[in-house]
Amino acid sequence: MAETFDIAIVGAGITGCAIARQLARFDLSICVVEAANDIALGASKANGGLVHAGYDPAPGTVKAQVNARGCELYGKWAQELGFLFCRTGSMVLGFNDEDRAQLEKLRCNGHVNGVPELSIIGPDRIHELEPRASADATCALWCPSTGFVDPFEVAIAALENAVANGVTFMRSASVEAIEVAGSGDNAHFTLATPAGNVRCRYLINAAGNGAADISHVTGAEEFQMVWRQGNIVVLDKEPRALMPLYPVPTPVSKGVIVTGTVHGNTVITATAAVREPGDTQTYASDVNALLTGARKLVPDLDTRRVVRAFAGGRPVIQGTNDFFIGQSAVVPGLFQAAGIQSPGVASAPAIAERMEQVLRDAGVVLRERNDWDPIRRAPDDFDRAPLVRKEELIESDPAWGQIVCRCETVPEAEIVAAIRRRPGAVSVEGVKRRCRAGMGRCQSGFCQSRVVAILARELGCDPSEVLLEDAGSWLVEGPLKGVR
Amino acid sequence: MATLDMRDGRAKAGAVASVSTKAFDVVVIGGGPAGMAAALAAHNAGAHVAIVEREQHLGGILRQCIHPGFGLSHFKQELTGPEYAQRFIDQVRATDVALFLGSMVIGIDSGEGAGASASGVDEASGATAVHTVTLMSRAGMLQLTGRAVVLAMGCRERTRSEIKIPGSRPAGVFTAGLAQRYINIENLKPGSRAVILGSGDIGLIMARRCTLEGISVEGVYELMPYANGLRRNVKNCLDDFGIPLHLSTTVTRVIGHDRVEAVEVSKVDEHLAPIPGTERVVPCDTLLLSVGLIPENELSVGAGVELDPRTRGAVVDQSLQTGVPGIFACGNVLHVHDLADNVTTESEHAGAAAAAYALGGGADAEAGAPGAGCQLTVSPASIAGYALPGRITAVALTKLNFRVRRPVDAARVRILADGEELFTGKVRAFKPGVMESFPLPAKVIKQALDLGASEIILSVEPVKEA
Amino acid sequence: MSTNAIEKLKFNCTTCPSECLLTVEVERDADGALVEVHSVTGNNCPRGDKFAHQELTCPTRVLTTTVAVSGGDETLLPVRTAEAIPLALHAQAMNLIRGLVVNAPIRMGDVVLENLLNTNIDLIASMDIDPA
């Protein structure tokens, strides 16, 4: 019989990874069980990376409680986990008196939710803060605490830190069945997955869009997920990253937001339309809506410079717009972190903190370990390194001098490091998310074949077995020549 | 890291004492056909030259363009891409041009400085800036200085994202050049059933290449109502193999979650918008995109070079000098060419001009004496999509390059200044796939100056047939 | 009495970059076989006429492809036929070339395969390849 973990977390999205990292400080055996072959392959990779401040959620909701707190925690998490985080502040732009009234409401909301330093500002201050904001904006809600991250970098960093502290990560382990056995202190769950069975005493459901299924197969709360799909567009780098600019929100969506990214690109995020579950297609109408919406906020935006368009589904629970965080009322020992749609990225550290409290309240013994290391040393980023550091790196290993991705200046050694880290990249896209090879304007036209060769070498497989992303996404067949 | 404000991008690669420096007259960035021709011309003019090439070999993209069709004008003989490249590689190897292979340029600094010239140009004339090119390789970081720099980095392919093809994002969508690399360099088969979008030369060549290698090509789809590539390629690459060419049709959706399973194609109207109801699903496992090339000018922009939004290459004068004194540009980084032979001719011009600049300590010695006060801009009009050079600063015979935006059976070139017609060409057909050139005589430039004009207009005007 | 059909064909000459559009009148028999080329027009030089006749009797093309390399600093060697060979032989030639392996070093012009498919034309290297 396999080892019994104290806790199994289903889902290695940003929520599951943050929870794993939060709980790794305690004397618990923890396993993160992920259906896909890598971290953050669901909603966590398909969003705009904004760390919203928290003035938007209705006061009293779970969202309202975790959003502002999550945003606050980001500074500390970024420092400890070594991921990039820019706290630039943001503006919600208003264009008329009606908008101004809405901004005032948001400001009050934000005040109740604990968002610091909100103020309504006029045109002069708007253009001082972001000279590229539309000249038609007459007023704005200025929110200094907003920031942005690379959402998959956050998830990867959190899980790397968790794994370094002893957490087990199982990939390609979609949960097919869950058996609940025993009761009281002897209760445990057995998760059947293609990668083997996992036994645990407590189960945390952080399965994103799969959360309803996990709850269902455990015999817990029945709910339905709604696939509220969003298209997102990434534009090429600018000399200076844009401050996040929001339109006045609608009841269902924050609207089309324009923001810089930690790497200096511009992101336009996101449309909102209920579509077939699993639909990650982009739509011409959505992309046009994004570009049009963005130009309203930033008229000089060069929307020809699209580097990438993608789409994902927000894990929304039907009938509520709120997060569902807490112990199951039906199956004790099952803890839900479900419906983590927007602002899931911003809330992740606070959701993890709240989950810790929920476990404590449920009587789970949480004893601090004395050997817990909160620090994750980020991999070297050649492009950002000062010249002297670049020299040192190449001296340490010539592969640091071998450029593979031209657009993002990623040398071979950085790609090898991305594959060798734990948990490491196992696909071309996994490499891209960790070190940006293929992320740039040529979209891997120049480097893909080289990344494939490095992956094949490092993973000890044939190039024909290298995947773009998950199972089935083969890139090339075998050799053409030298064969009969 | 963490909460610092990092919005201002990466740290500038400034000169650092610990990095070793080598001095040259002319530093050529890129070792493809453009870089090699520029380097050879600069060398022949007496300059001490370096080529920086990111690959381990010289030759650039020609190494994977294994098809024939090269050299017809330069060598008067039909060569394959590798043969065309090899002839220049042999010539470069026979000189003392310094080669920095496997070396990636990460920045060009054009600070005013008193850096030493390799040829020891008189200090008195050395008021021109010395450019510092920072590069990296497996051997470490290195800085090269040169009075002149020639940009010859080539171009990249437009991607799926830039033309906004909707749908899913599975494996199996490749730019034609990437597929060409897999097939011709890496010995890997990128799929079994391909659809090709774009009838430019690369798309056509790849249709034949795929077919010969046992990858079935379901069809070539072209947004425009005409084929973009050369007629010879339509004939030899499609007609020879019975591959259908579907005009006024584009890919409107990629289908397949993990690997491409099919593409949806639609007819487009006269505004190039897909026509609802004309969708057709074409099963395939591979989509090759040949949808245009874009000069790769990130380095140039970093060095302060101004770009022409039409070509997306540098704005240059008649000696192919950019707005930054001493920085020249040629080949596909300047504007996208359709024949390597034209790249060679242009780059020889740039290389010679760069050498003249470096050795003469400035000014365009090669292009003739700068006319006193000759400062003309050149602008395209009517169906001319661009005009290059964009600036003329000398009264001398100047080759004007241009491309039309749409095919016409009958049009003529007109040169205008201050509303007056200075020249008119004979009526003939023009195609967007063909880069045209027009020799602008010195006397026309003189006429424009005499009119007090600050701008010359190159207009290609369709004419109604009599 | 003749059942032969007269057909007018249009195609481009590919001898030089001018790419003249040729109009060719041919006579075919009942089986569609070429009987005679009646006329070639549209060519700006005599090479167009020659090209049209060749194209209608036995079209030939230079075949370019790659050959696997052993011990080189590249995996594949680009190769070409030294002269054009009949288009009809290209598929057969590809099958033959698929299994070839050549050893580095190789110089441009080296013969990779002599007298390809008895055409009296050699398959030659398009590029140098140095040892790994």
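Letters A, B and C name the chains as they come in the text, with residue numbers starting at 1 for each one.
The rule we apply is simple: a contact is a pair of C-beta atoms (placed from the backbone, for glycine too) under 8 Å apart; a residue touches a chain by one contact, two chains touch by 3 or more.
Values in this document were obtained by computation on a predicted structure and should not be read as measured data.
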Any idea which chain sits dead centre by C-alpha averages? B
Contact-pair count is greater, between B-C and A-C, for B-C
For subunit A versus subunit B, what separation do you get between their C-alpha means, in angstrom? 38
Whole-Å gap separating subunit A and subunit C, where each centre is the average of the chain's CA atoms: 55
Just how far, in Å, is the C-alpha centre of subunit C from the one of subunit B? 30
Multi-partner residues of subunit B (each touching 2 or more other chains): 183, 185-187, 213
Send over the residues of subunit C in touch with two or more other chains. 66, 68, 76
Each of the following residues of subunit A touches two or more other chains, namely 479-482
Which residues of subunit A touch subunit C once you look at their complex with the stated criterion? 479-484
In the complex, subunit B touches subunit C at residues 56-57, 59, 63, 66-68, 72-73, 78, 80-83, 85-86, 89, 183-187, 212-213, 230-232, 235-236, 239-240, 339
In the complex formed with subunit B, which residues of subunit A make contact? 74-75, 78-79, 82-88, 147, 237, 239-241, 243, 260, 262, 264, 280-284, 287, 304-310, 378, 383-384, 386-388, 390-391, 394-395, 398-399, 401-403, 406-407, 409, 411, 441-446, 448-449, 452-453, 463-464, 467-482
Residues on subunit C engaged by subunit A in the complex (per definition of touch): 66-68, 76, 97-101
Touch list for subunit B against partner subunit A, complex: 1-3, 5-11, 13-14, 16, 18-19, 54, 102, 104, 106, 134, 136-141, 156-157, 159-162, 164, 166-172, 174-175, 177-178, 181-183, 185-192, 213-214, 252-253, 257-259, 298
